[in-house]
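Each chain gets a letter, A, B, C, D and E, in the order it is written, and its residues are counted from 1.
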Amino acid sequence: MTVEFLILVALASGILAYFVGRLNKVLGAVVTIVASMFIFIMIGYMMQDINAGTTFNYNAVEYMPDFVTFMVTYLGLFFAILVTFIFAMVSFFNPFFVEKYKYPALYSMLYLFSLAGVLGVFLTDNFMVLFFFFEFIVWSGLFLIPLGKNNKAAISYYAFSTAGSFALLYAIFIMFAETGSYNLHLGLATVSGTTEGTYVLALLAFAAFAKLGAFPLNVWLPRALGKAPDPITAVFSGGLEKLGAFVAVLALVKLAPVGDIAGTLGGLTEATFLFASQYIVATLGAMTIIFGTLMAIRQDDAKKLLAYSSMSNGGYILVALSLGGTLGLSGGLYHIVAHALASAAAFLAIGAVSRVTGTTKMSELGGMIHKMPVTYMVYLIAIISMAGIPPMGGFISKWLIFQAVIDNGLILIAVAVFFGSIGSFLYVFRPLAALFLGQELPQHRDKAKEAPFFMLLPMLILSGLIVFTGVMPNIFLDFINDVIAELGGTGLLLGDYTITGVNGVLQPTLIASVFGVGVLIAFIIFILLKKSKKVGLMDTYTAGNFIYTEELMHYSLDFYAPLERLYEKHINITKDFYKKLENKVVDFGRMVKYFFFTNKPEITVFWIIILIGFLLWGEL
Amino acid sequence: MLSTKFSPMSKEEVDRKWWEIGDFFRRNSLWMLMYCTGCCAIELPPAMTSAYDMERLGMGPMATPRQADVLLVTGYLSLKTLRRLIYTYEQMSEPKYIVGFGSCTINGGIYHDSHAVINQLNKYVPVDVFVAGCMPNTEAVMNGFVDLMDLIKNKKANGWKDYHERYDWYLANQKAALGEVRVHDEFHE
Amino acid sequence: MIDILLMILTGIGVAFFGFVLQTSIAGVNRKVVARVQKRYGPKWYQEFLDIFKLLSKRSVTHGWIFDFGVIMALGVIIGTAMFMPLTSSFMAFDGYDNFFIFVYLIAVGMLGMAMSASGSGNPLASIGVMRALTTMLAYEVPFMIVVLTIIKLTGTSSLSEIGLFQQVAGNSWFLIALPIGGIVAVMALMGMLGKKPFETYIAPAEIASGPMVEYGGKQLGMLFIMHEITVFIEVSLFVHLFLGGAENIVLFIVKYFVVYTILNIISSVYGRFKIDQVVLFFYKWPLIMAITQAFIAIYLGWVI
Amino acid sequence: MSAILLIAVPLLAAFISILFKKYAHYILVFVSFASVFALEYMDLGTITVGGFNAPFGIVLILDDYSLIALYIVNTLFFLVAILNCNEFKKVGSIMLVALAGLNGLLLTGDLFNLFVFLEVAGIAAYLITTTNKKPLATFNYLIQGTVGSSLYLLGLILLYAMFGTLNMADMASSIASSGYGAGVTAFPFLLMFIGFGVEAKLLPFNSWTKGILANSNRLTGPMIASVYAAAIGFVFGRLLTNVFVIEDTFLIIVTIILIFSVVAGEAMAYASTKVREILLYSSVAQAALVVVVFMSGFTGWAVYLIIGNAAAKLVLFLITNTATKQLGNDDVETFKGLFVNNKIIGLSFTAVTLSVIGLPMFLGFVTKMNILENMFVSGDYIWPAIILITSVVEGIYFIRLLLNLWYKENDLPEVKFEFVLKYVVVIIALLIMVFGVYTEPVQESADDLVAYSYIEGGNL
Amino acid sequence: MTNSMSNIEFTTDLVESKFSVLSTEVVDKYQVSFEVKKEDVHSLLSLLKSSGWIQLSYLSAVDWPLDNEFEVVYIVFNWDKAVHIQIRTRVDRETPSINSILPIFPGCKYYEREAHEFFGIKFPGNPDHEKQLILEEWDDLPPLRKDFDPRAYSDKKFSKMEYKNDFVNTNGEVSKQDARTKRYDDIDKLRTGGKK
């Protein structure tokens, strides 16, 4: 099975989905399920016969240029399996959502086109191919996002993604000018450590930041994810955002870091073992964590909240990858897995709610748990992982990242990392409390019902995997060790069930079983005692007042108001910056228009004279 | 007469034993919900602070009816507060007790002829202990609590059971005085 | 297999010991606080009476999540306590007493309780949860920075090994070795335990005891047990991290008692902060002090 | 067949059409089609007009470069003509003159002759733009065009005084061998550059464009923005590769002008809220880009840039002006949701726009990538950065426009597009897409064109 | 002293110059009372509000059963001059009604509801004035009317403690309760001159 075949399958089935979708909307979406499942399984098969550096050269169709080559590496396969899996899982949602959108057939087509783009990006050794598919994903996403709520989001998505991909392109051309070929590994190896390497590193980092939505290129992410169609949000957060992580791996791991060792900090040296480039990226990653967390705490829209949490988790990935080393790399890569699964599951759960209620605003929802218990459990598991709590996958990666940070003695970065970690409890709890728990609001009481089986299936599979990654992480870490070995590092020391870090041993399976024992004991205590009397949700302590309105008893708006008040004035700096930048461009345009585009020909003559005068003056 | 033979206890007996054990805990850890409607509430601070130190009996104030064991009704009850009192009492988890303070809860006290104040609390909710006086002094209050503990020990503090058994009677009284117990209150809608 | 069973049984024993220890000491402390306030105070076993009374009462439930959250909270906290080393050499699961496990497993307990509280449908409970989480955001970061310093200095995140490190001749307790960090840790511990002035999330007169507003009977009793074990874990963390662990169980109990009593005495003379004051407080001095301490200790090597 | 027919026949037809006024538009269509058709049978080479040999007489050059240029311009002209022949019957004769002028511009090898054709084409353009019914704008255009050509003429006179020749190739070799410093030739070159800059819409000589294009109709829009722009672009290419020597101060001024044109063009388009204004400012930037690419010496890719741009602007202006005529104005607000009921037109519009922005799968992508690649290889790191940054801005406003045109719930604007127009735009869009994917011939021909143009155009 | 007196005089002048005041009473040096006709109340209050009496301190009524009238009292306060003004007006007792002053003092909303609840006065113009405010589910005459007997109501509605006979002191002395009853009866007799 060659890569180009799979890409052609994805493209062809995309076109097929379009035409089927024209006939029957739902059937077109079903095509996406079949195709993405097929591609995921085929990618999975690739695992069997991968040896590092297997190249699949392009020879099937002749009119393409020679440089179109594909290569399956551990790194590429790692990302490809993950993202195609997310695509396959999310595709189950398509038939249920596609009818709501304006162009259902287009939706199905672009969904598969994005999938093709993903394969192309991850499984190539050629920069031009990488860039081609990178942009390909951009424009597929560009038309997917506005199918949701509004199209402003698509514009900022386009602006930042394109800025990112153009930075990537610039870096590619720098390498091309150096080597004369578009080979990815050759190019990176050649510039690594040279002056050009510095620029390439900066540009690739820029691209990664733009794709991950990291500070200061964060504006698009919450907008796009908040407004995109629900399945697309899950795909973006779980899958497409990871393109940025991929580029970050290329930039931070495959290129030698630049700058001096030990960035100095007011006479005290903080980053003892880090190079300046690593420290800068880590600092920006830390800023991303803090901004993402603080913004997520403020959101009222559950999807936007999760979008900001994606941003914050992107910061973790950046911090981990920039620190490098065994712990940093494996922590970063594992965090990619953990976050992809968790955020996809969380977004799907929110999507399932929004399907029956038509809104994702937390202030308009409440008590969904009584009608959608399974969805609630899926969300719960997802957020436990997102907050990095055992026994879910997120804990393993955060444990590794913490150790990497502590091992490097990065105090200020550690503040951000810990802050994000605790802050994530705050924001992930909010949808839980406001959307699923609390009073059951009358406007959704009759409409709401549990999602159908085919929507629950992917959610449950994802939840199962989240738990599995937390209980038996060694299976995944083994593969990550292969990836790290391919990148030229040393992998983690893994026992049968244990993970050995720098300063401690972790036994996730043990934690999970002790967890189980504890819950069992608690359950026995609970069951032995007298049975409780069931009372209604409105029969609560109200200081004796008779209250009949559910909304009054539901605390969901401005959940963290006292905390928000402390920082709300300072939080929008990036947004304001881009707003101002845009205004500056507009002002400049208007100014030029005002000075040069009048209905008076003499103005032009005036400018011509000025210009000639300039020339003569220069000469004299 | 000592029985030498081991005889398995019946279920009722087991329940009774457990109940007695439970009564021991309950009387040694009475948590109060203070419904400070009237002037008698002023007697509670001295009872709680260093002068009389209620905590040595294991008593303490609680914030919500769900957590509390004993409801203190400290003084007169207007119609409006009685509604809230009944609602609060019904929210308490069982076993639960009521202590009525002052003559107002017994016979209306100085408000006996008011159009807005009820005269006799135990018509509407079961009161286990009354503390007489207008207002009762602190020793009387403490004595009332000790009496309540004795009642619990002797299984006589059965007001909450009475409320279950004669609920119709209580409800009829409540309705006669109040009309409807649960009213719509425009400030909470 | 039998090994593992034995280990788990030991763990349950540790958790039970922790519960009994903390509940007794809490009772004694109620007496201590009463004496501070010129009162006589309750019996030393009053806390047991309270808990068993609650377990014996009839309770109400607001739906399955209300019960499930309580079970989850208690269960996870029991599980966490099972990892806790009692002395620096005795623990149920040797080598797995990783600091991060405690910090994060306690969070699961909090999550369970928060979930259950919000599931009751009472807005006061949600407000309480909000405040609890906000408080957590406040105290956790300075504390973690101090612990980072310790882990960086000792090279291990295992509690018992950190304890053993301090027992080596020539090394002093971290409370003394890192005096600024020690002060921060004490403040953070008060936040963790929800002692005044950081008991904002309970605030009985204001939000009717916050998350606990709807609990009565067995659920409240189970939450009390959970609370006692949580306190046990948190105070033990402090003992192991800052007070040189414990060579034997008696020393452990003594250190534990001293720490808990001093905290209680401090808190008994304070009023209560508002929630934003809590956050501002922790992000002002403790955080600066913690960072300063970390720089001094890690990069300048000034450790007493 | 001699290339001179391409100039003579339209001119002749123009005079004939005055006699048969009623059939002028048929003649126009026929002649423009014939000239496309005739290109197939043209012999490559130099034609001396009137028997005077090269440096002294007027020559017409038909090499690969001018052949491609003729193909493009004539085809586009034909499309514009056939789409508008019924609506604008009156300007048939003038259109024929314009065709003659344009063909002359592309063919001529003589600098003074170039001026003549520039005037012919220019006057035809002024007359065509009168159909906008905005006399002031046309007057503005007229004045500026005339100033521009006068400056060109002035520069030419200076050059003639210096080198005594008007032939392009001869001039080039004379300059190379004369030993004059760059400073001396800079002034005449600058005058000529400005002269052409007015026609090529470079800032700051282009204030006429707003008046003309923002009020354009279905004829003038495509005509000026696509056909004329392509022709002027090609001529600019000829001059930049073969005649001008760009050095020192001249280089600085030209670079400033071009950077300013590109940046300000995109910024102005970004600041606009009318569809035609967006398109016209975007073409200002694109025109400057074409000049940049010619200046950098990538003739082949510059040609593709012109092709892509001209085709795109043809489609965009055709659709926009058709819709504007039916909707009354061209505010983006009015246009919102235009494509919801006109999917085919919309898809073509989208494809063409994406190509202009340079997204993959479209011709624009291939062109842009190759230009950038070549620039990098030649060691130029500044222009790629500017191009990429402005591309982001360009992308943003075009995408914003597209999304506005595609997404609206109700109150959709009612616009009818005629059959022929649909065919034309779909075919152009398809071609752009096909050559975006099937890049081999583009790649090869572009590389070849660099070589040919240099030899045959430069060293006659 | 002089200042506050002059404030009172100023006030009196202000009101009496514009309106026909039925009676003026200077209550103390900070308070003055005017009785006006029902028709004048609104314009007078508007005038006062524009002259600085911006706060409606209270609105209530007095029952005059013998005159068969209710006296509605508005108390407004001036923060600059520290003068309270009582505006009194009489309304008919059988169909008590006076237009609401909601447009002048929006804060009167709840006072008027209270007055309606306790006296039964209607306030057309206040859309909420008939909603219940303090007395929930009230089922009798408005309780602050003089013809409402609270004791009878209490006896009717609220059951009393029934004392067993042995609690009652019968050693030839009259119980305090009986004595009090007798005293009340005597007073009634004196007041009504023996008429029932």
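In the analysis below, a contact is a pair of C-beta atoms (placed from the backbone, for glycine too) under 8 Å apart; a residue touches a chain by one contact, two chains touch by 3 or more.
It should be emphasised that the depicted structure is a prediction, and the values quoted were computed from it without experimental measurement.
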item	value
Steps in the shortest chain-to-chain touch route ending at subunit E and beginning at subunit A	2
Remaining connected clusters, assuming subunit B were absent and nothing shifted: A, C, D | E
item	value
Identity of the chain that, by mean CA position, is farthest from subunit C	D
Far-end chain from subunit E, centres as C-alpha averages	D
More contacts between chains, A-B or B-E	B-E
Centroid distance [mean C-alpha coordinates] between subunit C and subunit A, Å	35
Interchain centroid distance [CA atoms averaged], subunit B/subunit D, Å	95
Centroid distance [mean C-alpha coordinates] between subunit E and subunit D, Å	92
Averaged-CA centre spacing for the pair subunit D and subunit A, given as whole angstrom	44
Per-residue multi-chain contacts in subunit A, two or more chains	539, 541, 552
Where subunit B touches two or more other chains at once, by residue number	64-66, 83, 183, 185
All touching chain pairs, where touch follows the definition stated at the start	A-B, A-C, A-D, B-C, B-E
Subunit E to subunit B touching residues, read off their complex	131, 134-137, 139-140, 143, 148, 150-151, 153-154, 157-161
Interface residues, subunit C side, partner subunit B - complex	30, 34, 37-43, 46, 49-50, 52-53, 56-60, 204-205, 208-209, 212-217, 220
Residues of subunit A that touch subunit C when the two form their complex	268-270, 272, 367, 369-370, 373, 376, 380, 384, 387-390, 395, 398-399, 402-403, 405-407, 409, 411-412, 414-415, 418-419, 422-423, 425-426, 429, 432-434, 437-440, 502-507, 510-511, 513-523, 525-526, 529-530, 532-541, 543, 552-556, 559-560, 562-563, 565-566
Sites on subunit B touched by subunit C in the complex	18, 21-22, 25-26, 28-29, 31, 49-50, 53, 55-58, 61-69, 92-95
Complex contact set, residues of subunit A against subunit B	539, 541-542, 544-549, 552
